[in-house]
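In what comes next, chain A is part of two complexes: it sits with chain B in the first one and with chain C in the second one.
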Partner chain A sequence: MALTTVHKIRDRVEKRPLELAAAREKGAKVVGWLSYAIPEEVITALGLIPIRIGTGGDTRLVEIGSRYISTKNCVFVREAVGLFAENKDPYIVNSDLVAFDAACLQLFRTAEVVEHYFKVNTLVLGVPRNFYWPEAKEYFWHELEHFVGKLEELAGVKLDPKRLAASIELYNGIRESIKELYRYQAGNNPLITWSQTYDVIHAGYYLDRAEYAALLRELLAELKDKQGEPVISHTYGEARIFLSGSVIPPKDHKLIDIIEQVGGRIVGDDLWSGLVPHLNVEIKEPTVKGIAYAYLSRVPHAALPYLDLKTDERLKNLKGLIGAFHAQGVINHTLRYCDPFTFKAGETKEQLKQIGIPMLEIHTEYAGSDFEAIRTRVEAFVEMLRNLDYQEAV
Partner chain B sequence: MSKEKIYAGVDVGSLGTKALLLRGDTIISHGLIRTGIDTEENGRNVLKVALDNAGLQWEDLDYIVATGYGRISAPYANRTVTEITCHGKGAHFLHPKTRTIIDMGGQDCKAIRLDEDGNVNDFAMNDKCAAGTGRFLEVMAATFKVGLEELGPMALRAKEILPVSSTCTVFAESETVSLLARGENPDSIIKGIHHAIANRVAGMFSRVGVESDVFFSGGVAKNVGMKAALEEVLNARIVDPEYDPQLVGALGAAVLAKTYATREANNGANNRS
Partner chain C sequence: MSNSTVDLYRYPEELKEEFITTEDINFRDGSKASAEEIWHFMTVEAPVRYPHAFTKSSYYHRQLSRDIHLPSSIKHNYLFLTMKDRIENSRRNGTPVIFVQGGQSVDPYYAAGAIALRPASVGLWASGRHEGNTMVGEEVRRMDEKEKAYRAISFEACQTAGYEHIQEGDLPVDMLAPFTCLRCSDVSYGVEAHRHGKKPVNLFLGDFPLDHQKDKPWAIDYFAHNLHRLTKEIGDMAGHVVTDEALRAEIRLHNAGRRLALDTADAWWSADAPPTNGSDRRAIFQMGGMEMHGDPTASLTVLKEANRYIRERVKRGVKGNGVQDNPGRIFVCGSCVFPNEFRTEEAGGVIVGNDNHWSDISTLVEEEGDPYYNLSKAILSYPYEQDIETRAAWTIQEIRKSRAHGVLFLYNWGCNTQSAIARMLVDIIKRETSLPTLIIEHEFGASQSEQLQNRVNAFVEMVRP
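And then the complex of A and B:
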């Protein structure tokens, strides 16, 4: 059964580049951003238009980017630089300022590169390496204050507390809707797949956020009407897979397509291009300080060092989501030279093994040369999960 | 009394295409040909070889499972299964105590862990490059102007290991040419090449672990020098193969053909009752 709202969202995304250009002609300012810790709440509250930029899967753009940034950076970063070099992506062309945060140091370097070579107006938000020390919270709060000050200059207005409170409410609504959407896609006999849900998340990178929030509510209402309240359980032979690891941005379909082609069912993720940014954001007061503290309490980016496996929030979150979505196995996707996620793969596998969850490591980049090798691995993993079902049944 | 069923496994690899026939639980025949361009034709041709060797016709086959990279072009098969699962079943059939498999084929290399029933419970595969594969050794054999089958004995003859730093096929080839030009002993260079590959394979085992008994499958498993290098680097004894290790994937596919045929027959009987 086709979901009308999914088509509607797709249509709206197709029209968005022209809308954005028209809005700028009328004086609107656009803030493109890359990375993990940029709070859109303040961008929207200042009347600026937030756009999350960056795509994947294009080896041509990677090659272009490699002329300006070392090939020892991941393909996502090199493609991002390629996008700026080519300057044809409508969201990059229409960005008045591009914000980066320093959670991933390769993206921090990207900011320097695009500013130097392409004279892009950039703004970098500093991120503490340790999320938990009081000094770190203090640092991030002041970094965010500085960041907001720069955005105020661009917007030509001061941050209004009432508008900030309204913006926080809007984003809280989006986050709750996305969490609910994930329950539907993981449910029995779902009308929406994980990959459709993932596309819906990416639509939220571009659409006007108030319109996006309304579309999410409409989609959930449609799902409730057609699918009923979701019941999440494991059905024999499903091969329920959880995706973890490096970013899988819009247009990077390689691994997702392979999993679906060989009959695996993706039921959840903890990707920073997926569900994770929408979890654990509890803004206790509608101020810059409140937002800074809330963002530090989210699931940390893997690039931030944390060595105590027993209290690692990233691993705790991963295990919690695996349980919530009744996943049987994890595919840990890492991009070549995305070292933070790659280096954590071994310990993650070991931790999951202790709770009886098998993990498959897929280390790749955007070139298609390893397509068949990856397909063999993913297919064997699906066979393995199905065989576990069979063994349990007999 | 009904005739015993014939099950076939076809393994279309990058360099060799293999087929094996089982009558019940007994291996009755096999075929092995060089892989050509037409993947489907390779599978059909090798099955014909195996059938001819057994004096059987295509119509005698009860169930076919295809595996290997060419499994995606096997419309003649009842089912396709990955070579990872098939090597597990094949090694378990030949040596039920197998818990770890090193599979080195024409274009890739795999570390596979098994449970006591021959089910795969973990695996790792080399990334992209040809290091540790049959293709790599073919290139090395050509560099030394010797047959592929001579590499293993040459490595065993060597009195020392001459370290070869690269496992990249292209770089290793040029490094080898330089060593030969310097007048180094060919046997020692070849032993160094085998050890470089073994060290790379050991990296894969850091992900999945090694547990005895260790079984070595795939075309490269015929290379005695490679077996010796792996035993030394992994610090584990590799069991002596009781059958051609290059046919383990096809054997596993035939074993699974029997499993699926039986399962489907039982499901059919249950549905009818």
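And then the complex of A and C:
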């Protein structure tokens, strides 16, 4: 059964580049951003238009980017540089300023590279690595104050507390809707797949956020009407897969397509291009300080090292989501030269093994040369998960 | 190849009389090594225990310098080859040993009563526990050990935070506490990897804040907090309270090393003919960081003597051993790695300077006032750790001082941070200086790849006047 709201969202995304260009002609300012810790709440509250930029899967752009950064940087970063070099992506072209944060060191350096070679107006937000310390939260608060000050210069207005409170409410609503949407896609006999849900999340990178929030509510209402309340359980013969690891940005379909082609069912993720940015954002006061403290208290990004395995919130969240979505196995996607995830892959596998969850690591780039090798491995993994059902039945 | 069949290099016996009149090495614990004791170790004991260091092959970049009339060269190698004995003796006497990052100051670690060892020094300590290895044996051992870390962490790792020695081996490091400088992304994840290792070890990250950090008071305050926590944790481990005065005294001591290294560099660079070969130059300049021997007092003793010899050589126009006439002067940028200096000299070049391990040495710390704030301010202003354009401006200044004819940028396999900035940094240097530049990817290994050295040699040939 087709979901009309999904089509509507797709249609709105197609029209968005022209709308953005028209809005800019009328004086609107667009803030593109890459990375993980940029709070859209303040961008929206200042009347600026936030756009999350960056795409994947294009080896031509990767090659162009490699001329300015190096072949030893991850393909996402190289493609990002390629996007700026080519300057044809409508969201790149329409960005008045591009914000980065310093969580991923490669993206942090990308800001300087694109500013130097392509004269991109950039702004960087420092992110502490000892994020769980009170002093780190204090530092991040000051960093965010500084960051907001620069955005105020672009917007030509000061941050208004009432508008900030309204913006926070808007984003809280989006986050709640996305969490609800994930329950539907993971449910039995779902009307929406994980990859459709993933596309809906990516639509939120581009659409006007108030409109996006309304579309999410409409989609949830349609799902409730057509599917009823979701029941999440594992049915015999399913290979329920949880996707973890490095970013899988819009247009990078390689691994997702392979999993679905060989009969695997993705039921959840803890990707920073997926569900995770929408979890555990508890803004206790509608101020810059409140946002800073809340963002540092989220599920930490793997780029921020954490020294105690037993209390690692990232792993705790991963295990919790696997349970909530009734996943049977994890495919850990690591991009070549993506150290934050690659360095932890073996450890994550060991941790999951201890709770009886098998993990397959797929270490890849955007090139198609490893497509068949990946397919063979994913197919075997899916078959293994199905066999678990068979073995249990026997 | 067994040791008995290897033809080893030996210091000429006729040098002994001259050498034993040179200065003792003073150590932090008040003890000394006389020049005669050093001579004995380097001519009798060390060739048996560490034959790889005495190889005659210039393919081994860790071979001993042949500049036998430069006492500091022999003494520096003495300190390297006694690293294991000295560190383990200090540990037995209750001094904790801390793994730190290269290119960072170590004042707070010593003020807190510990020994701070950067990755290469930890490797030297580990190497010292394997005696009797020839060059090939040592090379195989090192690669084997690194492989263990690759398996436990990632084959894309450059810096593995001593995992191979501490978790897979038996090196008794008490704590890992590097600064998370932006020079290296791997070290943070390498330290983090120890959390799943076989052996419990204390872990700490000195969180170096990024993005125009030196101009942000809140960033300086934050890093000062990190330094407070660091000295408190080490002090607790070492069993004493770290006072502000103790830290100030340590800063003064380390500033003395930094100033002396700067003075030595000025003299070295002013000479028409390089007064030492590249290997000795690197060791002498780097002694100003006071961290390479695991004993700042010893480093300072040797550096003082080296400074006098360099100044004398410059005055007399003496050229370093192995350096050809009118060499192609190469400045090296990038990761914490080098081409083989001996083979570069065979090709007619000489390495006259580098940015890594010089940035921290060239940054003095204010000696009056709050020592934590002063240290934080200095550390956050390391030129190597700034935005690329600021770093480039400083690098160009050092290149000009060194009168280099060409600039090499080397980044190590897996070094995502230095590789990311290589193109831009080199483009700025080229634009501002009109010097030829070359970017090369480097890989670990005591005897480096012929392909890498071929490219360096071709570059030398091109830039040599």
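Heads up, the rule we're going with is that the second predicted complex is superposed on the first by the 394 of 394 C-alpha atoms of A that agree within 3 Å, B and C clash if a C-alpha of one lies under 4 Å from a C-alpha of the other, contacts with A are read in each partner's own complex, and residues count from 1 in each chain.
As a working rule, a residue touches a chain if its C-beta (ideal position, glycine included) is under 8 Å from a C-beta of that chain, and two chains touch if they have at least 3 such contacts.
Predicted, not measured: the structure shown is a model, and the values here were computed from it.
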* Asked: For the three-chain model obtained by superposing on chain A, do chain B and chain C clash or fit?
  -> fit
* Asked: Does chain B (first) or chain C (second) touch A:Tyr206, or do both, or does neither?
  -> neither
* To do: Figure out whether A:Tyr184 sits in contact with chain B (first) or chain C (second), or with both, or with neither.
  => neither
* Can A:Ser70 be said to touch chain B (first), chain C (second), both, or neither? -> second
* Asked: Looking at the overlay, does A:Pro358 come into contact with chain B only (first), chain C only (second), both, or neither?
  -> first
* Look at A:Glu379 in the shared chain and tell me whether it touches chain B only, chain C only, both, or neither; answer first, second, both or neither. => first
* To do: Applying the touch criterion given at the start, work out whether A:Tyr139 contacts chain B, chain C, both or neither, answering first, second, both or neither.
  => second
* Structure fact -> The answer to whether chain B or chain C touches more of chain A is C
* First (chain B), second (chain C), both or neither touched by A:Tyr91 -> neither
* Mind working out whether A:Phe325 is in touch with chain B, chain C, both or neither, as first, second, both or neither? => neither
* When the two structures are overlaid on chain A, which partner does A:Asn387 contact: first (chain B), second (chain C), both, or neither? -> first
* Structure fact -> Overlaying both structures gives a minimum C-alpha distance between chain B and chain C, in Å, of 6
* Asked: Can you list the residues of chain A that meet both chain B and chain C?
  -> 346
* Footprint of chain A on chain C - complex, ascending -> 152-154, 156-157, 180, 182, 185-186, 188-193, 195-196, 203-205, 207, 209-211, 213, 216, 218-219, 221-222, 225-226, 387-389, 411, 413-417, 419-424, 441
* **Footprint of chain C on chain A - complex, ascending** => 67-74, 77, 102, 105-106, 108-110, 112-113, 116-117, 124-130, 133, 135-136, 138-139, 142-143, 146, 305-309, 336-337, 339-340, 342-347, 350
* Structure fact -> chain B contacts chain A in the complex at 69, 81-85, 108, 117, 119-125, 127-128, 206-207
* Asked: Any idea which chain A residues touch chain B in the complex?
  -> 346, 349, 358, 361, 363, 369-370, 372-373, 376-377, 379-380, 383-384, 387, 391
